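The same subunit A turns up in both complexes below, where it pairs with subunit B and then with subunit C.
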Partner chain A sequence: MVTWPAFRRALLFPPLSAWIGIIVVAAYILVAVLGPFLSPHGETEIVGAAYQPWGGPFVLGTDNLGRDMLTRLIYGARNTTGLAVVIAAIAFVIGCFPALLAATLGGWIDQVLGRFVDVVMSIPALIFAMLFLSFFGNTIPVLIVVIAILEATRVFRVARSVAKTIVVLDYVEAARLRGEGLLWITCREILPNALPPLIAEFGLRFCFVVLLISSLSFLGLGIQPPRADLGSMVRDNATLISFGSVLPLLPAAAIGLLVVAMNMIVDWISDLASRSKR
Partner chain B sequence: MHPLVRMVLKRVLLGLATLLLVCMIIFLGVELQPGDAAQALLGQDATPESLAAMRQELGLNRPLYTRFSSWIANSFHGDFGKSYANKREVGDLIGTRLFNTLFLAALAGSIAVPMSLMLGVLSALYRNSPFDRITSIVSLSFISFPEYLIGYILILFFTVKWNLFPSLSQVTPTMGIFERIYQTLLPAITLSLAMSAHIIRLTRAAILNVIASPYIEMAHLKGVKPLRVITWHALPNALAPIINVVILNLAYLLVGVVIVEVVFVYPGLGQLFVDAVSKRDFPVVQSVSLIFAATYVTLNLLADVLSVVTNPRLLHLR
Partner chain C sequence: MTDQRQPTQWAKGEALLKIRGLRIEGWTRASGWTAIVKGIDLDLARGEVLGLVGESGAGKSMTGLAAMGYARDGCRISGGAISFDGIDLMASTEAIRRALRGLRIAYVAQSAIASFNPAHRLIEQYAEAPVGRRLRTRTEAYADAIDLFGRMRLPKADTIGFRYPHQVSGGELQRAMTAMAMATRPDLIIFDEPTTALDVTTQIEVLSAIKNIIKQFNTAAIFISHDLAVVAQMVDRVMVLREGQLIEHADTKAILSAPQAEYTKSLWAVRDRHKPEVRADAGERPLLSANNLTAGYIRGELVLRDVSIEIMKGRTVAVVGESGSGKSTAARVITGLLPPFGGEITFNGSVLPPQLKQRSREQRRRIQMLYQSAETALNPRQLIRQILGRPLKLHLGLVGREANSRVVELLDMVELLPSIADRYPSELSGGQKRRVGIAMALAAEPDLIICDEITSGLDQLVAERILKLLLSRQQQYGFSYLFITHDLGTVDAIADEVVVMFQGRIVEHGSKSKIMTTPVHKYTKLLLSSVPRMDPGWLDGVLKDRLAISSDA
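And then the complex of A and B:
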């Protein structure tokens, strides 16, 4: 496993594929942050007739309700990526810390948490998410909590197995012997050295969350109208496909591009993280 | 007891325990809802007497654990209760749809598995060639694309541009097998494209892993043809991870099926599930998710057991 300083140095020199990924992801972040300033119209503003063609006053035409498609795409990307970042971050916090504790303490805590995670992971995330959305209603807070918990179980798996390999190292033993507390050992000894693979995992979780949210929205169970969302935009405009228009493919392709770009970065980082110390 | 038998028993017990816990979650989630089945079936303006009679009939005034156990027992007999939405027996709603979904999944599996195994073997054989690179890039992008993107691209070309296939899969119980395959082919291809990437990549990696061993070099030096070295010498030893990934991807079909059925308006379980979730039709939600969960847990179990059977070294881990 690579040490943290070596990892940080290597981060300064991404290869070509990672550069492409970084540029694309940076563009998405820019669009997400600057969305309201970039878009020509309001998020839910109806600006013309439904299904206006490309060009003219509306660069990408209008959607099924006569809203500007470019505006909807910008806001859709903003909502989807914003929500995905929040969910991935929450999933990380509630997945990582129990995992580090479980790995450090071992014993029954490790067993109980491990079994719980096994059960949650034994059902596909989409099915579980749909089940819980039907129980608690599909609102944004429920969506965030449900997906965060589902993804946290995946984070737990990875974080625990990484931490397990670190717990047995000499410097952790040394910290134990000099009487450091649990918090010190997990946060100061284990966490920094578990970080490189965890960063790669964060990117991967982000991809899964984006795909999961937009799949739910595509099914009509995720982000609810009139908020723009890439998944529900595909669903709303799907009828256009039978007239040979690529319009419904645009939001879907936007999701695909983001996930491919993120995967390129993840590939590079996980490659760095697993590289042996030189 | 033979260690293999012990391991299989242990896994089966674990699988059953998992399934039981999932059942509890599914059951309790509905119990937590305000109102009960009698209220939902009779509507808001039901008289207290008719509500009481309905509760008696459905057995709602029994304690929680008896209702839980009878719910599970009834589900095993195919009695899933009545739908809130249209008051029909859930069993009747599920019947033909379950068959349709299984048919779609089987067709997708029988396209995806041979195709991706072949592509995996070929890219291991011609590793680092342009063929290998293209396969790798294409399969990587199919992992990253949402299933509906693949589905709509296929519709755009095969239905709208070339007019070869219907965009809506209309299957009826009485249609012949070839007509049914024709109607189901486009969704099946979408699913196969979405699932094949993992299998291709893992097959390639597993074979390359084995190819590094000395006995493969020996075979090469003996003058065995490269294709035969791969299929005859390398593949059998790479089988364990490949079987594992194939079964796990068959289990993944469950998720894919939900989205693909919505794209192609295919009358299967996935559509039913989506409708039930948005209408909060709990008996249907419960039974469909139970079917999905049971299938998924079983396939995972099978993957575990088969990978140990094909690679006995895994028995002696830890």
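And then the complex of A and C:
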């Protein structure tokens, strides 16, 4: 694996594709943070007739209820991205630490955690999420917990395999010989060295969370109206497709652009992380 | 087999390879193109064997590869002339150079296992070059392979070719690789450290097979090695390189008996280091005694059988044996990482609990371990200051300014500058990392340091300095070493007592002088006689002796 100083140095020189990804993702973050100040209208404010065309008072027209499309897009991006960051972060915490424990301790703990994760992973994520959301009610906290647990199983797999390759190294054994506790070994010896591939994995998980939230919202189980959300916006305006309007494609494109941009960054970082030492 | 080739006689032979003013540069992001090989001249006649000797980074491999007109990734041949059998390699096209490689010039790499394709049988890979170049049909190539495998003295030569690479041993694979290089009957073979990764007892077989076959086919060869004693057996002439420059160039005999350059002399001197042994006083109680240890990784499969070792205070016990003999397992049992199936360990008069977890902090502090690989023994994400500071805090309770000043002292004890403290391990050289590892062990102020093959990955001169350092710290603080190694030269330099292990058992133990001069067990004898000597007639002599013994039997 790449040495840490080299990894850090390489992070300062992203290639062109990564630059594009960084700029796009940064724009999304900016829009998400400054959303209320940037948008011309309120999130749920009905400002005109339904399906008003582009131009005129509304730059991108209005949606099926007469709300400003640009405003909805800004808020949709804000809600989806914000929720995805929170979920990915939680998934990381609840995926990483059991993974580090499993890799460090091995034995039956490793087996039990591993088999549990296998069971969860064997059920298709979308069906699993739909099941739990309809059971516990589709509120935001339930949405966060359900998707975080689902994604945590994927994080667990990656983190465990990375940690397994580090656990066998001499410096970890030396720490054991020294009499270090479990917390020190996992957090100070293993975690920092597993970081480069895990950072890349975080980006990837973020992408999948965005897609999953959008799919659920499209199906009516995710973020609930009247809150703006990219997935439900596609559904609300889907009928327009048959009239030759590009309107429903805008939220879809917003999802696609974010995911592709994030993937450009992920590709670059995972390439750095796996690059052989020079 | 007593013929000594006369270099002068071969020099009259037809010139095969001629290199003039060879310059090779390597690219690094930090400093751009920098010179690696700085103007080397090299001549080779048909049937002649030339040795390239030097430390790593001397440009040996680069020079060898340049004989094929080849430069590694990120390197370029920036100047000079290379002519092979009248063909100007620098001026010719890549197509012409590629036609020469594998057909008239062959290359044998250090790691045979990495050079073979694991998905194909040996003989298929053998046939690839002669069939592909339309020299032979597949049937002819197979017959030829069996003939050459026999000449390389591979066991079961008629069937071994139908095995996959992982089904034969490292030594056999290296011989198969040499046979494969011979498949197209090249004019020149480049051997790049062909036996470095092998045990001494295997090395001797491979060396004699290589020597035999290049003589049979009158092939010219360039033999690259950092081990002078090995080179001395194989070559007619030696070129000593250092930092891309030629230091000395002479006939093998001349350079062995009377080296001219200071650097060459220092390389030679490394060979005869010797530590006078300290004898045990009668009735002295051992610091550590391991009694009748049996251990293994899976129940029912014993790696250690009934192993007993005693280590006296301030003394060094060397454990020797080939890979797989259980040396490192013994170390793991003593440190408590691997609880034994049976037997017990007493340390300082009291019994050590078998499990690491059951041992007290004090017991853990007193036994320290140095790992084989200095690379993986240091956490790459911690500064040297943090790496050394942690055992200080844990074992001695030192923090803050006290710890910082102790870190500087520790670095000084291993002859490193204080500025090293604020670097990451990846910013240090191999020798420096090794020293930091030693400082880490010293930080705990131990009674016993277990050293597992700690000099095997280092250049001879660097290894020599590390051994010197270990000896002087021992004299200063009086701790003991358990020194695991397969290199008997190292044993001579550091040990007081020697334990010889073979297949998980101790076959012989005693004082160094006794083991080295009057070995009893036949494995010890084999081991001792397999260590290359700085005498060009050594290999032939040993083989003659062994032949005589086997024909008697």
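The rule is simple: the second predicted complex is superposed on the first by the 278 of 278 C-alpha atoms of A that agree within 3 Å, B and C clash if a C-alpha of one lies under 4 Å from a C-alpha of the other, contacts with A are read in each partner's own complex, and residues count from 1 in each chain.
To be clear about the criterion, a contact is a pair of C-beta atoms (placed from the backbone, for glycine too) under 8 Å apart; a residue touches a chain by one contact, two chains touch by 3 or more.
Since this is a predicted model, take the numbers as computed values, not measurements.
Partners subunit B and subunit C fit side by side in the overlay (superposition on subunit A).
By the touch criterion stated above, A:119 is placed in contact with subunit B alone, subunit C being left untouched.
Rounded in steps of 10, the angle subunit B-subunit A-subunit C defined by Cα centres in the superposition reads 90°.
In the superposed model, A:220 lies in contact with subunit B only, and not with subunit C.
In the superposition on chain A, contact of A:5 is made with subunit C only, not with subunit B. In the superposed pair of complexes, A:256 makes contact with subunit B only, with no contact to subunit C. Residue contacts after overlaying the shared chain place A:179 against subunit C, while subunit B stays out of touching range. After overlaying the two complexes on the shared chain, residue contacts for A:85 are found with neither subunit B nor subunit C. Partner contacting the larger number of subunit A residues, of subunit B and subunit C: B.
Once the two complexes are laid over each other on the shared chain, residue contacts for A:109 go to neither subunit B nor subunit C.
Of all C-alpha pairs spanning subunit B and subunit C in the superposed arrangement, the closest lie 6 Å apart. Subunit A residues in contact with subunit B (one complex) as well as with subunit C (other complex) do not exist. Looking at the complex, you find that subunit A touches subunit B at residues 118-119, 122-127, 130-135, 137-138, 207, 211, 214-215, 218-221, 231, 234, 238, 241-244, 246, 248-249, 252-253, 255-256, 259-260, 263. Per the touch definition, subunit B reaches subunit A in the complex via residues 18, 21-22, 25-26, 29-30, 32-33, 140-141, 143-149, 152-153, 155-156, 159-161, 167, 251-252, 254-255, 258-259, 262-263, 273-274, 276-278, 280, 282, 285, 289, 292-293, 296-297, 300. By the touch rule above, subunit A contacts subunit C in their complex via residues 3-6, 169-171, 173-174, 176-180, 188-189, 192-193, 195, 277.
Contact residues of subunit C toward subunit A in the complex are 335-337, 356, 361, 364, 368-369, 371-373, 376-382, 390-391, 394-395, 424, 426-427, 440, 444.
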